[in-house]
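Take a look at the following structure, please.
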Amino acid sequence: MADPMRIRAQSAGGKATVRVLMSHEMETGLRKDSGGKTIPAWFIQEVSAQLNGKTVMTAQWGPAISKNPYLQFMIKGANAGDKVTVSWVDNKGDKRTDEATIS
Amino acid sequence: MKKRTLLSTHHLLRTALTLAFLGASACTLAQQKSAADGIAEYRAMIADGNPAELFEAKGEDLWKKKRGPKNASLEQCDLGKGAGIVKGAFVELPRWFADTGRVQDLESRLLTCMERLQGFDPGALARTPFGKDEQITLEALSAWISAESKGMRFKLPQNHPEERKQFEIGKRAFFYRGGPFDFACASCHGEAGKRIRLQDLPDLTNNPGDGVGFAAWPAYRVSSGELWSMQRRLNDCFRQQRFPYPGYASDVTIALGVYMGVNAKGAESIAPALKR
Amino acid sequence: MQTRRQMLARSTQVATMLITLGLFPGAKNALAAPYNAGAFEAKTMAELMKILGSGTPTESRDVSITGPEIAENGAVVPIGASTSLPGANRILILVEKNPSVLSAMFEVSDSIEANFTTRVKMGQSSNVFAVALMNDGRVLYATKEVKVTLGGCGG
Amino acid sequence: MMKLNQQNKVSHRAASPQRKLPLDRRWPVSLALIAISVGCASTVPAPDYDSLTAQMMRSSFKEEGIAKLGRLDQDESNAACSKALGGRLNDAQAAAIQEAALKTVKMPTGGEFLGDWRKGEALAQNGRGMTWTDKSAAPNANGGSCYNCHQISKEEISYGTIGPSLYQYGKLRGVTDPSDPKAKGILEYTWTKLWNAKAYNACSGMPRFGHSGLLDEGQLKDLMALILDPKSPVNR
């Protein structure tokens, strides 16, 4: 199973800034190993975020996102104590969901 | 293996960049300045959100989890400040351990704990290549344990005669020239204010400052997306020094740790840091 | 390399699976479109716009892109894309000289700012673009050049 | 490399771990010295850190690929400069090392010193070679690593500062026509520096590119051209 994300969410002025680190190889599928064999692509394709269970953001990513991805976005109308959930799914169907409380 | 591919890509990148610069014509000094500023700006932009945090979280889990042939956690591991005390341990390592009769750095001490508490074979752990199997465990553990001393200042003990002896031997290892290039650690890290290419080189014969040199490892390496422990950092130094391969947690790596750590006295630890 | 058809087939499968799993509770609203594999294979901005069914992009001061002048390592280049205009439905991050131009595509909802920061890989020095797809059909962009370099020795 | 190892034999023996206790043979001397200088024999002598270090180096490394254990062997220059711990050698010792180094230098065959500066630039940029991840130790697999430590052409801004700037190396030394006999002195000096830098500075930090078999004669000529050819960007 994939390693957990690190999610930090801080509210200020009715907006919450969410910063997420995800643990993922983000292999492009363009690199070769020492034997000249192509290392198969393996990357996060879809990311979504929910505020108290309601989807507020979805994104699609290609393999050009860096290894161990970082994402920052801002949710409107979010306050301290609200729950932010972030999920990702990669091209192999692996997935991960983690939750954080807005501070 | 992946690394080779990556390195050759880097080489191509640099060649491409050089060609690009050959076309440029502004004053060298001005370019130099802006390149340094540009890189400083880049580092500041990625400083927030260091993926080393991912390894810290994993390390904390691994410390508390029952694992290995004895199905035990590492929570009773003595890192020098008593069984189970993690906070502040990192900035006092390497140090003398009476139970093993040796001076040990963080990673050689972890080998001891993984052997005694969890029943792992320390020789097998030491032979495992970096970034594989239980080495991933060791990397994550060193990320978390170092993070527990973040902001604290290095103060390696030098009370035990063996600690002082390791300092003296470490100093000699630091200045030991050899290999086809005649390099020693001191070739790059014996003087302040020098660079390799655009990379600043910390002077490790003194305290080079807070969060610099010894006080910046373990670190997340942007280039490979991996967490590098001090053992791995030293291993790659010896590779670039064109030396043979240093054993994981071998005597020379520990003696060098004592030398650099004692020299870094008073420097604030920022480990696990973020490095190019 | 997978063919585009295989990729499409698989991503549809994944999307279906996700909906079945209920992983995207919002999947029924317009937000969660299936993974657009074709978009991530486009070589140029023009090709990408065609795949997305969007118009010709024009440069706009209301869109902004942040990134370093020089990236010490192409493996991690921090890029921010945003627009101050209301009515954006998607924000894209593009790297002109990468094998495929599109790095990321963010859907903008009423609950979120049209402002995203992530980190991308760059194979070489290149222009990067922030593109905003507007509800009224306009496609607006901002661009910036990022030089990719490396410190340290070649060993 | 072979050459290096052969030369190393004498000093290598002294530091060899196979000789179990080189300490034994040194104690009487140091004890005698202490007795003379302090006049008190009860002082506990410090451990012989140099021998302990040599033993530790032997036991800590293993061979990997082209990086054999022989790389830990030290010739006179490396042994003396290591022992100095960053300090200076005494004049006589430095002079002896420099003299020996000077004798190792082989001037180019046919008397031609300069090759192609373009190839020289590529070599100067290339920092690869001789690590345990490199496949071959042959000169054609190696770069010169020059920009790691030196500024050379002003167009390359990513240069190191461990060595002095070589920008306008030939121009500053008045080399306008390398075939002019007046230029011969500087050509020979530079060739010697590249071949065996210890000929002028016993503890030079620069690799001995010719002497240690890192680069071949053709490659050295190309590097010579990079810094001495008036047509090279370095001198324009």
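For clarity, chains are labelled A, B, C and D in written order, and residue numbers in each chain start from 1.
The criterion applied here is as follows: a residue touches a chain if its C-beta (ideal position, glycine included) is under 8 Å from a C-beta of that chain, and two chains touch if they have at least 3 such contacts.
Because the structure is a prediction, the values reported are computed rather than measured.
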Chain nearest the global centroid, as defined over all protein CA atoms shown: B
Chain pair with the higher count of C-beta pairs in contact (B-C, B-D): B-D
Centre-of-Cα separation between subunit D and subunit C, whole angstrom: 51
Cα-centroid distance, subunit B relative to subunit D, in whole angstrom: 27
Averaged-CA centre spacing for the pair subunit C and subunit B, given as whole angstrom: 35
For subunit A paired with subunit C, centre-to-centre distance based on mean C-alpha positions, whole Å: 14
Junction residues of subunit A, two or more chains touched: 66-67, 70, 72
Contacts with two or more other chains, residues of subunit D listed in rising order: 125-126, 128, 131, 148, 158, 160
Residues within subunit C bordering two or more other chains: 75-76, 78, 119, 149-151, 153-155
Subunit A residues touching subunit B - in the complex, by the definition given at the top: 3-6, 19, 21-23, 25, 31-34, 39, 66-68, 70, 72
Touching residues (chain side subunit C, partner subunit A) in the complex: 1-2, 10-11, 14, 17-18, 23-27, 29, 31-33, 35-36, 39-40, 75-78, 80, 95, 98-100, 102-107, 109-113, 115-121
Subunit D residues within the subunit B interface of the complex: 1, 4, 47, 49-50, 52-53, 56-57, 59-64, 67-69, 71-74, 77-78, 81-86, 125-126, 128, 130-133, 137, 147-149, 154-162, 205, 207-208, 212-214
Touching residues (chain side subunit A, partner subunit C) in the complex: 15, 26, 28-30, 38, 41, 45-46, 48, 50-51, 53-67, 69-77, 87, 89, 91, 93, 95, 97
Interfacial residue positions of subunit C with respect to subunit B in the complex: 67-76, 78, 119, 123-125, 147-155
